[in-house]
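Letters A, B, C and D name the chains as they come in the text, with residue numbers starting at 1 for each one.
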Amino acid sequence: MTDNMRVRDWGVKIGKLEAGEKNSITDIPGIRVGHCDVVFGEGPLEKGTGPARTGVTAIWPASGNVFTSKVPAATHVINGHGKSIGLMQINELGNIETPIMITNTLNVGAVADALIEYLAFKKDWDFSSINPIVAECNDGFLSDILGRHVKKEHVFAALDNATDGPVDSSCSGAGNGMSCYHFKGGIGSASRKLEFDGKTYHVGSLVCSNMGGMHDLRIDGMPVGITLEKERDNTPELGSIIMLLATDAPLDSRQLGRLALRATHGLARTGTASGNGSGDTVYAWSTANRVPSTSETSSIEGERWLDAKISSFFRAAADCTEEAILDSMWTAKTVIGRDGNARYKIPLESVRKALEALNYTFE
Amino acid sequence: MTDNMRVRDWGVKIGKLEAGEKNSITDIPGIRVGHCDVVFGEGPLEKGTGPARTGVTAIWPASGNVFTSKVPAATHVINGHGKSIGLMQINELGNIETPIMITNTLNVGAVADALIEYLAFKKDWDFSSINPIVAECNDGFLSDILGRHVKKEHVFAALDNATDGPVDSSCSGAGNGMSCYHFKGGIGSASRKLEFDGKTYHVGSLVCSNMGGMHDLRIDGMPVGITLEKERDNTPELGSIIMLLATDAPLDSRQLGRLALRATHGLARTGTASGNGSGDTVYAWSTANRVPSTSETSSIEGERWLDAKISSFFRAAADCTEEAILDSMWTAKTVIGRDGNARYKIPLESVRKALEALNYTFE
Amino acid sequence: MTDNMRVRDWGVKIGKLEAGEKNSITDIPGIRVGHCDVVFGEGPLEKGTGPARTGVTAIWPASGNVFTSKVPAATHVINGHGKSIGLMQINELGNIETPIMITNTLNVGAVADALIEYLAFKKDWDFSSINPIVAECNDGFLSDILGRHVKKEHVFAALDNATDGPVDSSCSGAGNGMSCYHFKGGIGSASRKLEFDGKTYHVGSLVCSNMGGMHDLRIDGMPVGITLEKERDNTPELGSIIMLLATDAPLDSRQLGRLALRATHGLARTGTASGNGSGDTVYAWSTANRVPSTSETSSIEGERWLDAKISSFFRAAADCTEEAILDSMWTAKTVIGRDGNARYKIPLESVRKALEALNYTFE
Amino acid sequence: MTDNMRVRDWGVKIGKLEAGEKNSITDIPGIRVGHCDVVFGEGPLEKGTGPARTGVTAIWPASGNVFTSKVPAATHVINGHGKSIGLMQINELGNIETPIMITNTLNVGAVADALIEYLAFKKDWDFSSINPIVAECNDGFLSDILGRHVKKEHVFAALDNATDGPVDSSCSGAGNGMSCYHFKGGIGSASRKLEFDGKTYHVGSLVCSNMGGMHDLRIDGMPVGITLEKERDNTPELGSIIMLLATDAPLDSRQLGRLALRATHGLARTGTASGNGSGDTVYAWSTANRVPSTSETSSIEGERWLDAKISSFFRAAADCTEEAILDSMWTAKTVIGRDGNARYKIPLESVRKALEALNYTFE
């Protein structure tokens, strides 16, 4: 057992569905994830200067050029105390046409600008209008957020770094400065497999966790947080979680909206009631039934999933989201940020003892 | 020229698109419309007893059993001061599975109940849950609305009477007691043809008009209402209009929602700004890509329309809605209701003079 | 310990907030709840005839005439596979102006019609337009749902029976035929107290539970359902839950919408992922800042709650909803319905053993 | 008569309500508007280099620090083919807490970033999270949009330049590169006065117009566009219009959402049916009932407007929007942009003749 093994390997299995091979959103063919860390400086906050504990994470939602071959998509807003860019057009047209970026709250503008530059000038995608998707959480507890330290080169690096391997640990990219239930949080991922008509489909999740109060934390339903409170100071509850859900099944945008809502169920099971200041936002997409940006015909053929056969996807979405949140804590490491503010790794030994005291069945 | 010729035949052509053969929502194969009038009594209102100037209109949205083979659908609420039943499920599942009924505000419950009885016991459709669609406008100015005089037998009659002929005139069915821009309103319809890839598609509208103040009335943009005010007393502005839009093109529910919104444009062009008390609601559906209630497979093949080729549908939706509102007035006749309250037919000669004074081009 | 003691008295306390005196939605002054059972017949289903295991529940949302003095309100749809009437106008005008009725799915129309008759003719409320609120779940597993056996007299009785005492047990009124996690469900309630600026406010919930699969059931997070599966056959998962949330704090309709969303968190914690067929709908209202139907002035004074002080309400809403769902099972009794279909009371001794095996802390 | 007199002074009066003193959004006390032009280069497009016909417009929504004293607000999306930032939080919290910026589509990110820097470092507003509002239209027909030529200094200048005078002409700020009904468009404004209970309230609009096809253009309902088509080549229809609506009456966010929807009516009356590619977005706010960011109490007193008295505001919103769109064309001047692409000023003499031919009543 290592310090940052994934929660599933550690013995906590969420739900009854089987995980995908990588247990990551990258189990869906074509999806790639990359990070760039922006970490420098120590000591007192100098507004606009540092220290920085931040970064940016890039998710390529499908193979190839997603502008000329868009992915069906939807969003769901649980609590809209957030500053993301790009939701309106996803909702109207039902698709996503760029990589999805996650970063700190005040860096959304700069990252959106850099994403456009990357696609137009580095990738030479041909467009005069494009809808950049940038989501955010607030890492100001650890980082000089007013400095907006994520620059163009970091955005380019995250995009270039992207791979389809298992998603990297919590403190990478956008996760560097994030907190979850008063412990270190950040990026986490999980996936599930579903069988229909002899075919295997996947649902994958990726979260950037930055919400919750320690008291409320539940591990697979078990009230563990309440036993951990003595271990650490309980600073004010922070906010926000970005949740991505993807599938290779041919769900359309309405159905993806239904799927996205079920991230709420996974989130809720970890204990939070989504406080006022939390920007809890979900993006869902499918890699099937790509949407061409131009076409000689006015319609194309495609598969249409039946809502009567969708409930398993809802279950997978809830389970994946719950596990990805835990994954973001299990794979994290302690980070000391500006003004000596600290987010400690969740104390796994204490968690194990708490779960054992509840006769939890490790698997 | 007869007293209730349709507005298009009278010389007002809305927009540049060609109308369908019947210039009615019934130009879309499979759609049928039926009415039942509930008209009795004269003189003073006896609350709960009469007189009645009301009725019910039934729209079969497609051929065959729409429960086992549903139609993709969406709604749009312009001003939700209304009491319709059925919207929530249309929005969630993106389909309609019963005939659509229109009646008076306080009769929605009884009509929904009768519709269920008709489908379960008269048609022997097999279900234990079904989503009846009933929309309404308030005809209380002319009718004893508290009497809820539309009964089961009227609902059955409207459903049984339905035909695919040109939609009947304004004062039929739900239209009996309705007012439009302080003149007699009610049911109106129109349609447009569109060509794509060598195929002809239709957009059709049916409205139940019951909104607007005379001053604001515009005929194809011309400020005619202001010239008519002297002719009639200007009673308080009433509310509500139900607008249906149908197409035989394979738009999905998200796209039908976009289509439904454009009814606003057609409505707005007739002059109203949708006052507080107006229940302005739109239902849109497609007769293509029917949704089976059961299936051995979890997905089926279907056509997917491209949003890049949808703007003409928006234009058709706006134009059809505008024309159907006028149609509801042109095909109306004067009705005297409870307490001697009168809604006069729009004075076509005065309208013609007003339009001529503006050098309007009759076509 | 009796067979139908409430879950809180039995030893399960949800969350850390204190319950109100009655631990019911009726802790909010002015709210009254009444039931009428419609239960008759035994044996095989005769479609349209019986047996009936159904009923209707009436909730008066505030003291006095709520048409002339409306309550600020909002709705939230988790999964809109439902047939409720009244949501559209709540969303537009931000208020509720009638009692809220809960009944079986196919009885919505008849109950809405009876509610209008009651208010217009029995209460002599003066209106020509009104927005009846009727919510539903499907009790067809136990009852002849096509019979729509809830009649006018039952609606009147439920309205007349309403009291401000602790909410009656699960199998009353609309709860008669409902199931929850494959056990007997129905009506449940709970409440919480909150202190602000030296004043005590309440949040209360009332649910009509009719959803979930046994396997998924969680009691205060504990995976109890999975241990109960051997006890009973696992019939197909049913659908739908109606959740009401009320408060005496001056939240406005936007804020009540935020509150309503948190019912999702309470629901999710009981284990379900809200399957495709579930009509999961939330109604929230405040008894403060009543809205007059007529006024000489165009504005009135009122308190405006600050969103920065709203998070405790969200917690209370989630906790109350979770507890009310359990309450609906704890206060239930076994019901045998049509065709001998049975919904058994949740086996409390087995539940206790399962919780003890998990070292659950009874309080 | 000068070349860029406002449309109202030119003789076209929209609706029957009286205009405010400046007939601009700045008639609402506290609102200020500033522009910065970014115009350079001639000749062929060099992607990323120029020529530029663009700019940025800043609207201060109320007096003082709108972060510590926010304005109640709402949005309405007519057609969400747009890339604006900031809507999600407006919808959740019902307020706006920064100036509102308008610019070109691909500059949203950079402008949002600059706005944060201005408020944090130039104004020293104290925050670690803030919701910048940036709206956009696509000026790529005239300008090198991929160059994102609006820089930090331009944003600062627009914010610093803001005044409460009558809103400047069309080709200023964000308006530089915009088109309207195939003529030169951009910024336009208008206002209306309303009397209630002896007090005067205002509704003001500001638009950035960039949509429509010449054929469809209506001037106060009159089909003028169809007569102008011969004058100019009819290039492909462009998209998008940003519409702002403000009032000094105490409407809350729900009511402001209703107000915002009525911009659709004003927009529709000018002739467009909001094509697929149009990002038609509305922002509405009130300068009354400011929302403090911090407070010792959990609620504050405030005026609550009654929906029963809101219809005049809807009329004003529709009329103002319609007039502001025309105003954006009347106050424009011809602009030649990249590749010699030209947007001509609407030919006022031809328009006058067309209106005279229709016996239009100039006022």
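Methods note: contacts are C-beta pairs under 8 Å (C-beta built on N, C-alpha and C of every residue); 3 or more make two chains touch, one makes a residue touch a chain.
Predicted model only: the values in this text are computed from it and were never measured.
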| item | value |
| --- | --- |
| Contact-richer chain pair [A-D vs B-D] | A-D |
| Chain whose Cα centroid lies at the greatest distance from that of chain C | D |
| Separation of mean Cα positions, chain D and chain B [Å, integer] | 34 |
| Distance from chain B to chain A - Cα centre to Cα centre, in angstrom | 45 |
| For chain A paired with chain D, centre-to-centre distance based on mean C-alpha positions, whole Å | 35 |
| Multi-chain contact sites of chain A, meaning residues that touch two or more partners | 79, 92-93, 258, 307-308 |
| Parts of chain C lying in touch with chain D, wherever the complex brings them together | 92-94, 196-197, 250, 252-254, 258, 289, 291-295, 297-309 |
| Chain A residues touching chain D - in the complex, by the definition given at the top | 47-48, 77, 79-89, 91-93, 105-117, 120-121, 128-132, 134, 138, 140, 145-146, 148, 279, 281 |
| Chain A-touching residues of chain C, taken from the complex the two chains share | 16, 78-79, 215, 218, 220-223, 237, 258, 261-262, 264-269, 272-277, 307-308, 310-311, 314-315, 317-319, 357-360 |
